[in-house]
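Input: structures, listed below.
The same chain A turns up in both complexes below, where it pairs with chain B and then with chain C.
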Partner chain A sequence: MECSFALTGKDYVLVAADTTSARSIIKMKIDEDKIKTLSPHLLMAYSGEPGDTVQFAEYIERNIRLYHIRNLYPLRPQSAAAWIRRSLAESLRSRHPYSVNLLVGGFDTADQSPHLYWIDYLGTMATVPYAAHGYGSYFASSLLDRYHNPDGTLEEGLATLRRAIDETSKRLIVAPGKYMVKVVDKDGIREIEL
Partner chain B sequence: MEAISHAGTVLGVLAKDGVVLAAEKKVTGKLLDLSEAKQGGYGGSGEKIFLLNSNVIGGVAGLTADGNSLINYARSAAQQHLLNYNEDIPVELLAQRLCDLKQGYTQYGGLRPFGVSLLYAGYDPHYQFQLYHSDPSGNYSGWKATCIGANNGTAQSLLKQEYKDDITVEDAIGLVVRTMSKTMDSTTLGSEKLEFAVLTLDPETKEPKAKIYRPVEVDALLVKHGLAKKDEDTEMKTA
Partner chain C sequence: MSQIWKYVRVTPSGGRVRGVPARSSTTSISLPGTPDHLSSQSTLILRFVMSIMEHNGGSVVAMAGKNCVAIACDLRLGAGAQTIATNFEKIFPVTDRMYLGLAGLASDVVTLREKFRYLTNMFLIKESRPLEPSTFAHLVSSTLYERRFGPYFCEPVLAGLERTPSGSYKPYIVGTDLIGCLNFAKDFIVTGTASDKLFGVAEGLWEPDLEPEDLFETISQTLMNAVDRDAYSGWGAVVHVITPDKVITRTLKGRMD
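Up next, the complex of A and B:
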């Protein structure tokens, strides 16, 4: 089942999401990228109702791109997260609400700081040092609480993330097999092999 | 455009650590009740200089009623941005919002455009301190120092001579007061003729801090720079 994790470090945010696309009990795809690049320093991992997820993520992606084109600079992570949360909250009160859970991680180039936001389909938003969605969160939260270091290096952050993923793989019956990991820092966004 | 060239002068100077705005008030007289401006509100007499958002001060030149309507629109636009993005509106974006509105009135028949030019003095994390000017047609541009209203040509040339890059707020305040005293029609400077505002960063919170001077503070400032009413004539020569 779908799992996503994220954590902040000294000057970066790590975002990880599984790469399986399933329908009922069937795995349809094992290399699905569920982490969207919203702007040069902003990542969003999405999970939830199939169909809703991609539709909503693309809507967000394009609107944030539009803001970037119109204003020459992109939205800062805190503003982007606030707008994304608002979009979800407005959708919740419509006839067909999107059922999507998000982790938004970004690096604010204005003050050189990493930011991470946990957002669920009800439009709840929390600013957090580490976060998880899906069944993996039941295993990872305690580990992240114990091992997360807000001033840690990238290696340290990756070790903590590996711990969370390994524990989920070990204990969860329906654990996903593969994860995609992306990092955002002052240099932008890149994918990392775990 | 014609209305603006007769309107009270509004002058803005961008410094490295702040922005300064000053405005000349045209509506004065012994019988005008100014008691409201002395206390209450957020400072200023609410005639030419307004707080548009916690990070932007606006200076208005032109038809006052049109100006009030635009101020109201600007404040709504700024709050709408705060609601959507949970951040203070970037200064240029606020200027754009108003210019989009102003431009609309030049395009459709039957309606009269806003007879108002505005100066926007603001701060945002993207471009730090900024000073913008917009005219009734909906054009806007960013400036280091500029002036709108009556005698704007004289003031602009004075500013051009005296402005230096990386000027401090203190020096900018001096420059603005001096330029104002030279360009204003009347020979007497005082709080009943002048509005004044400064936008800086709060040294502790690092948040923008807008200060619109109260009449007593304007008078104190003029005394400090030796431009107060009484010794006006002698001081003018040395300034």
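Up next, the complex of A and C:
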């Protein structure tokens, strides 16, 4: 089942999402990228109802890109997260709501600070130091609570993330096999091999 | 707010007969005897129903004092029993002398907060005079009633100081239900998942004409003790005491479990 994790460190945000694409009990694909790059310093991991996820993520991706093109500067993480939340909150009261859960992580180049937002399909938004979605959250949140260091180095963050993923793989019956990990910091976004 | 257990009629095939909200049952208990008129057709089941008002948890309380008012909230944001964040404030400033607390569905807390910020800014631009609590209370009421048949799942509490014609200030606290029915009170207003506990403690601790410092102590003790008996609220609190010349804001650390 789908799992995504994210955590902040001293000057970065780590976002991890599993790479399986499933229909019912069948794995269709095991190398799906479920973390979108919204702008040079903004990442969004998405999970939820298949179909809704990609549609919604692309809608967000293109609107944030449009803002960047029109204004020549990207939306800051706080503003982007607020707009994404509102899109989901408005969708919730429409005839066909998107059933998508998100982790939005970004690095604010204006004040050099990492930001992480936990957003669910209801349009609930929480500003958090670490977050998880899916069944993995039941195992990871307590681990992250114990081991997360808001001033940690990237190596320390990766070790904590590995702990969370390992615990999920060990204890969850329907644990995903592979994860994609991305980091966003002052230099932009890059993929990391765990 | 307290309809957690509901009788649900279930057919022998297991299909639902009468509506229960989707995304409900976590536990179900069959009753020993089935009422006659339902006998072979369907069974009554007592089922745990998670209401949308309780999904995220959280509580707010407001109290009136002597020439001052106080409003306080807890800091938990949950998704059912799981705690997501412990920094979720539910009280927002409206003017220098008025704060609005919103308890209920966290999504609507933020949506309503943004809506009221827009409406109060528009009021200031159009009227260029301060917004009084009594005016704002009716704005809250009509905004909520606009969504009478598809409401925002929030119960607001408003605390402020109302300017009298003589130029002095008098305490003004009011609460509404989720469709905007105003509830004026001289003493205190409670809302949220711990509202029943808050009622009890507030009833016991509150007394008329408390000075700002005593009011702070009363509202803090009320919230802390009520919230400690509620699994869906807690993780610290924020208290605002509003006096005519200043607002005192304090963050409290509670039981962190």
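What we mean here is this: the second predicted complex is superposed on the first by the 194 of 194 C-alpha atoms of A that agree within 3 Å, B and C clash if a C-alpha of one lies under 4 Å from a C-alpha of the other, contacts with A are read in each partner's own complex, and residues count from 1 in each chain.
Here is the rule we go by: a residue touches a chain if its C-beta (ideal position, glycine included) is under 8 Å from a C-beta of that chain, and two chains touch if they have at least 3 such contacts.
Model, not experiment: these values are computed from the prediction.
In the superposition on chain A, A:R86 makes contact with both chain B and chain C.
Residue contacts after overlaying the shared chain place A:H41 against neither chain B nor chain C. When the two structures are aligned on the shared chain, A:H148 is found in touch with neither chain B nor chain C.
Using the contact criterion defined above for the overlaid structures, shared-chain residue A:H115 touches neither chain B nor chain C, since it reaches no partner.
Of the two partners chain B and chain C, more residues of chain A are touched by C. In the superposition on chain A, A:T124 makes contact with chain C only, not with chain B. Touch criterion not met for A:K182: it reaches neither chain B nor chain C.
Of the two partner chains placed by superposition, only chain C is touched by A:S137; chain B is not.
By the touch criterion stated above, A:L75 is placed in contact with chain B alone, chain C being left untouched. Under the contact criterion defined above, the residues of chain A that touch both chain B in one complex and chain C in the other are 86.
On chain C, the positions that touch chain A within their shared complex are 55-56, 77, 79, 82-85, 87-88, 105-108, 110-111, 114, 150. Taken in their complex, chain A has these residues touching chain C: 85-86, 88-89, 92-93, 118, 120, 122-128, 131, 137-138, 141. For chain B in complex with chain A, the touching residues are 83-87, 90, 92-93, 125-126. Taken in their complex, chain A has these residues touching chain B: 71, 73, 75-76, 78-80, 82-83, 86, 110-111.
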